[in-house]
Amino acid sequence: MNPVNYLYLAALLFTIGAVGVLIRRNAIVVFMCVELMLNACNLAFVTFSRMHGNLDGQVIAFFTMVVAAAEVVVGLAIIVSVFRARHSASVDDASLMKL
Amino acid sequence: MSANLAAYATSSGEAVQFWVLGTVAVVGALCTILMRRAVHSALCLAGTMIILAVFYLANGAYFLGIVQIVVYTGAIMMLFLFVVMLVGVTAADSLKETIKGQRWWAVACGLGFGILLAAGIGNASVKEFAGLGVANSAHGGNVEGLAALIFTKYVFAFEITGALLITAAVGAMVLTHRERTERAATQRELSEQRVREGTHVPPLPAPGVYARHNAVDIAGLLPDGTPAELTVMQTLRKRGQIRDVSTEALADLKALEQRSEERLGRDRDEEEATR
Amino acid sequence: MSFPLLTVTAAVPAVGAILTAAVPAARRTAAKWLALLVSLATLVLAAVVFVRFEPGGERYQLTESHSWIKDFGVRYELGVDGIGVALIALTALLIPFIILAGWHDADPLETSSKRWRPTQGFFALILMVEAMVILSFEATDVFLFYILFEAMLIPMYFLIGGFGDRAHTGSDENAAAQRSYAAVKFLLYNLVGGLIMLAAVIGLYVVAGNFSLTEIAEARANGSLEMATSTERWLFLGFFFAFAVKAPLWPLHTWLPNAMGEATAPVAVLITAVVDKVGTFAMLRFCLGLFPEASKWATPAIIVLALISIVYGALLAVGQRDIKRLVAYASISHFGFIILGIFAMTTQGQSGATLYMVNHGISTAALMLVAGFLISRRGSRLIADYGGVQKVAPVLAGTFLIGGLATLSLPGLAPFVSEFLVLVGTYARYPVAGVIATTGIVLAALYTLVLYQRTMTGPVKEEVRELPDLRVRELAVVVPLIAVLIFLGVFPKPLTDVVNPAVQHTMSDVQQKDPSPEVEAAK
Amino acid sequence: MENLIALLVGAPLLGAAVLLLGGRRLDRVGHWIGTLFAAASFAIGLALFADMLGKSADDRALYQRLYTWIPVEGFQADMAFQLDQLSMTFVLLISGVGTLIHVYSIGYMEHDERRRRFFGYLNLFVAAMLLLVLADNYLLLYFGWEGVGLASYLLIGFWQHKPAAATAAKKAFLVNRVGDMGLSIAIMIMFTTFGTFTFGPVLGATGETSEGTLTAISLMLLLAACGKSAQVPLQSWLGDAMEGPTPVSALIHAATMVTAGVYLIVRSADIFNAAPDAQLVVTVVGAVTLLFGAIVGCAKDDIKKALAGSTMSQIGYMILAAGLGPIGYVFAIMHLVTHGFFKAGLFLGAGSVMHGMNDEVDMRKYGGLRKYMPVTFVTFGLGYLAIIGFPGLSGFFSKDKIIEAAFAKGGTEGWILGAVTLLGAAITAYYMTRVMLMTFFGEKRWQPDADGNPPHPHESPKSMVVPMVLLAVGSVAAGAFFEFAGFVEWLEPVTGFAHGHSPLSAATVTTATVAVMVIGVGLAYVQYGRKPVPVVAPRGSLLTRAARRDLLQDDFNHAVFVRGGTHLTRSLVYVDHTLVDGVVNGTAASVGGLSGRLRKLQNGYARSYAVSMFGGTAVLIAATLLMRAV
């Protein structure tokens, strides 16, 4: 087997995550899907790292994790405060983006 | 892991592992987006992440594999679960789509995107790959190798992400923390207020009174069989997560009476029979 | 590295604009004086440019060149030829008068809040326009020119939409709606033109590989840059369209009457006398300079459009009931003359067209600013609301008449020289067009004199009985303009000296020679 | 000496500048300043004249070049003057009569608060007119040409508060502009043909181009002349121009400006000589106007309009003469000068009458004035005798020569033209006698004016009387003086001269002229001298009614140009608004509608937007792949 298959897997997971973002209304699930996408990217990075024989890809994946952690923290905080205010975690409730 | 400079295929063991775990990962991902309850989604996602951790390890990223389990599956997913609990673990999403055409567009775009991405990978991929043997052993191991990179080449990025983390932590606190603008009322003041208002001078009733279940989300029943919402804690009340069991309870009661009637009847019959 | 005179000439009003905008709300008068001083300083710099320019020297002088966007070969490249010098002089000359004439046009109303500071904005925007116009006359890089060509729309948009004529009929809301209609129309017309030009600019880059006017023109001339006939024509049309909207040429003219009608008189002057000149200037410099063959190909059609503009604009001017719209249509007629002169492709025609740009600027300024003074006194733009003004305000009426006479190209006033040159130049190549254009001089007399008759003569109307005559500030605006008109009318040599060599260059760009007189040809 | 030429123009120009810019503080002395500058110009003219007389006939032309007016490659218009015998004649006429009329105006305009400005305009006129006749090229001539048009506009409309005056001024300028169009086209043709428009080179090179070109130039020059000289079909403005103050009518619309057309044709003699077709048109225009003006003159009750008709008719004579070629040029100019004297005198007389009659202009309300205004009566009478061609007076000499030359044209044309000129002479005698009788003879038919004041006719002040007397002297003596002092020889070097071969002898023509004159006078006497003149005009014949309305020419203009033009402009305004603007607005509206529909895509749901982003990304990837594949 060629490690390229990991890439295909990453692509598949990424796509599933993206579709999830689009079809779910629960902000928490949407968030999870984003995490899934990030993880798919990480898998791709790690695989690239292996394919190219250097560790830079892993470093990037590491940073991605850190950033993802920060993002999760802030994102969940936002969800919690939105929930407190609106008693709902549905992303469709915030449809104020039109005139 | 072979230390060859270039290889054309991984070991067959890894291949088996990939196909088996890969399938599971995809199923987990699909479950993540298809489960109605957030908590199930979270669990599926955690499973997928663990599998990814295994893949990291298989790809020679030992440090990342461990970090993935510890940080992601351990910390981040727990955070998710925590928030899910906070928001309501039993609340199930309706999977009915409200925006017209959204789902079809999403799936169509997803399909197109996926196919194109795969096509791109297929287009760009090379047959041979380098492997991490040399890189991992250059500084004496994977962790040392990463450390050498992070603290030299990527030191600024590292510092910046550190700052980002701190900022995120502070931000989360600011977002969720509500500043108390006035002194909290003491217990004494609270009770005085209750007396003044004349409502519920005694403590609130516990859910157990007249209750048939000892769960906190089920209101106690009043003598006429209707639920008393006061008996449920405020948080659940606000969330609307009171389980109304009044009809159920009444039905149960009726069934019980009937059963006891029968039992009594049978007893009477027996008595009469013995008599 | 010599002193960057051209950059400084454009930078002074730009910096002045920022400073003016920064003046605190309460110091309104200070902002006005600052703007006036800055515009006068610019005038001095423009005069220096005019003097430093050697008519017999290089085609482009006082050049500056710096790399700007390396990847696309965009350069900050400046240089002036005679035409540019003349138009810079015109711009720098008119702005102080525009500022002076608009001295009270942007005073905040009694009712508006204290933090509201329209005055600073008004004068800052005017200076900003000046800076951009001057720089666009200097730019020899097509991309730089394009950016300025578009960017000057923004301050103009705010000047039209934000500071309307306070003399209007109907309710304030209605007036505001018309004003914003006019401003949006102005913006949309010019943006569409600019968009098409952008496509042509990109196309030119694809074909030529750089944006430098001088390099491209040189390469075209010595044959190292071949352009397919159809490519050249398309690019030409792209550029020409934008310039024709700005100029404006029939049938792309309808934004001008709205814009000039709704804007205050000084802003109307700014539009027609300064900003629109960029369009005709660019026709000379870019259309003819970059696409000589296509220009020749399109000439018959453009001549016809120009003739229609001349006659049509004049006829519509006759039919107007609003003083400012009348002047606007008259301007359309005059722009027809300018474009006719440019595309007649004779020395006289092009010299005339260049002089026409300058003279039309001054004469329209004189007429429009006096009209503005009149309108601000009576509070109405309708011709029918006036009558007998000469009896109560003879100086105002006299200056108005002189402005009108300049508009109808009376000999002795500057526009005559240019109009006659255009006519002669056109006739030399296209006799029929020349004759048709000549009818314009009759029609010009018609609309000017009808306007004068209806507003200034006859019995004094009740509403105008109390009109004061021109004040000192207003005289300071009008008198110098009239003096310049008369001076250039009897002695246009300073201007023609500068313009002639530039026209020779343009003529050699398009490889045209004046048709030689019949008698000489026979010999 | 030639350096003085510019001063001829410069003096009145300076006067105009001083008067117009001087402001109120010059109000009290303005009229003296104006007169002084005009007189200065006349004095310089006389000095130059004396100098000129001292030179041989072929060497009299003087040139002065100031600077290049319009220096453009291949197009050099000089600010340069040429003073030859022709120009000299005009200079003396303009500055001389001009000065007299300045003097006259001092009295006439005494009570007008804007007198200073009036003198400024008069000076401006004199300067422009002198520029016109002194220019050495057509473009500079055009400058003067339009300059006099401007001055005429300002002076006709001097009483701008009267709507009639303002309209008349505008009309005069506009009709003149039509003529100016002809002049500018003529200059354009000249430039493309000869490469220059300086008199010398153009007139010297007429042999080198085709007759067609020359005919075109000639016809365009004729158009210009028609406009300025009020010839059919551009004559309509002159009658209305009488709204201006009377000195203006005398100076501009009788003696000088309206003759500029004749000057133009005579100046361009070489071009016309080479274009016989155009010359024929010129004579026809002259002949038609001659009769037209005369007929209109017969019907008008307004004394100034009657005189205006007469002016038109007399200039018709001049134009006709100019169209005859070398046999007529000199006589055209000669008649022009004599006409300048007597017509100015007549107008000043008319002004004097109006001055005494509360500005009444209707002759039916005059009558019997000879006793009250003896000097006016005598000077007016002498002018009258001169214009009808009473033997021995100036009009006799000049008109007789033109009639003779008309016959000498030869062929049928000669007979027709001769007959027309004779007929014109008869009608002239008729209408002038009518004016004379209605004004100075018969019983008083005075009416009180609008305020109810009855008129108190009185002789005018000295400043008005003196110019009238001087002009009367000119009217009497000029013809004989020219006849015997050699006017023909004086002008011949410039205009050329040829003796015509008339089918009739000179004596026959003279006899016929006198005869028709007597007939005309007799007719008028029968009609107006023997019977009392009704105060209210009788209805009159169809011709009379038409003539009162300028032979319906104005009605035609009104119907065709004014009404037609109004309709045209109105419909164009409509077209501009609905069609040209409508197309654009329609496009805008359809774009607006489309965006309205597209706007629904913006439903506000973040997920919906995310789909578009996602789709966009997919498209981008596709594009990248495609680019790589290509």
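Labels A, B, C and D are assigned to the chains in the order they are written; within every chain, residues are numbered from 1.
Just so it is clear, a residue touches a chain if its C-beta (ideal position, glycine included) is under 8 Å from a C-beta of that chain, and two chains touch if they have at least 3 such contacts.
Note that the structure is predicted; figures quoted are calculated from it, not measured.
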| item | value |
| --- | --- |
| Reference chain A; chain at largest CA-centroid distance | D |
| Most central chain, Cα average position | C |
| Averaged-CA centre spacing for the pair chain C and chain B, given as whole angstrom | 69 |
| Centre-to-centre distance between chain D and chain A (centres being mean Cα positions), rounded to whole Å | 92 |
| Approximate Å spacing (C-alpha centroids) for the pair chain C, chain D | 36 |
| Averaged-CA centre spacing for the pair chain C and chain A, given as whole angstrom | 57 |
| For chain B, residues that touch 2 or more chains besides their own | 99, 102, 105-106, 109-110, 113, 117 |
| Junction residues of chain A, two or more chains touched | 18, 22-23, 25, 92 |
| Chain C residues counted as touching two or more neighbouring chains | none |
| Touching chain combinations (by label order) | A-B, A-D, B-D, C-D |
| Chain C-facing residues of chain D, complex | 67-75, 79, 139, 142-143, 145-147, 150, 153, 157, 160-163, 165-167, 169-170, 173-174, 177-178, 180-181, 184-185, 187-189, 191-196, 205, 208-209, 213, 565, 568-570, 572-573, 576, 580-581, 584, 588 |
| Residue numbers on chain B that touch chain A, as the complex places them | 5, 8-10, 12, 14-15, 18, 22, 25-26, 29-30, 32-33, 38, 41-42, 45, 48-49, 52, 55-56, 59-61, 63-64, 67-68, 71-72, 75-76, 79-80, 83-84, 86-87, 93, 97-99, 102-103, 105-107, 109-111, 113-114, 117-118, 121, 125-127, 129-132, 134-136, 142, 145-146, 149-150, 153-154, 157-158, 161, 164-165, 167-169, 171-173, 175-176, 238-240 |
| Of all residues in chain D, those that touch chain A in their complex | 602-607, 609-611, 614 |
| Chain D partner contacts - residues on chain C that touch it in the complex | 188-189, 250-251, 253-254, 312, 315-316, 318-320, 347-348, 351-352, 388, 390-391, 405, 410-412, 416-417, 420-421, 423-424, 427-428, 431, 434-435, 438-439, 441-442, 445-446, 449-450, 452-453, 456-460, 490-493, 496-497, 500, 503-504, 514-520, 522-523 |
| Chain B partner contacts - residues on chain D that touch it in the complex | 603, 605, 607-608, 611, 614-615, 617-618, 621-622, 624-625, 628 |
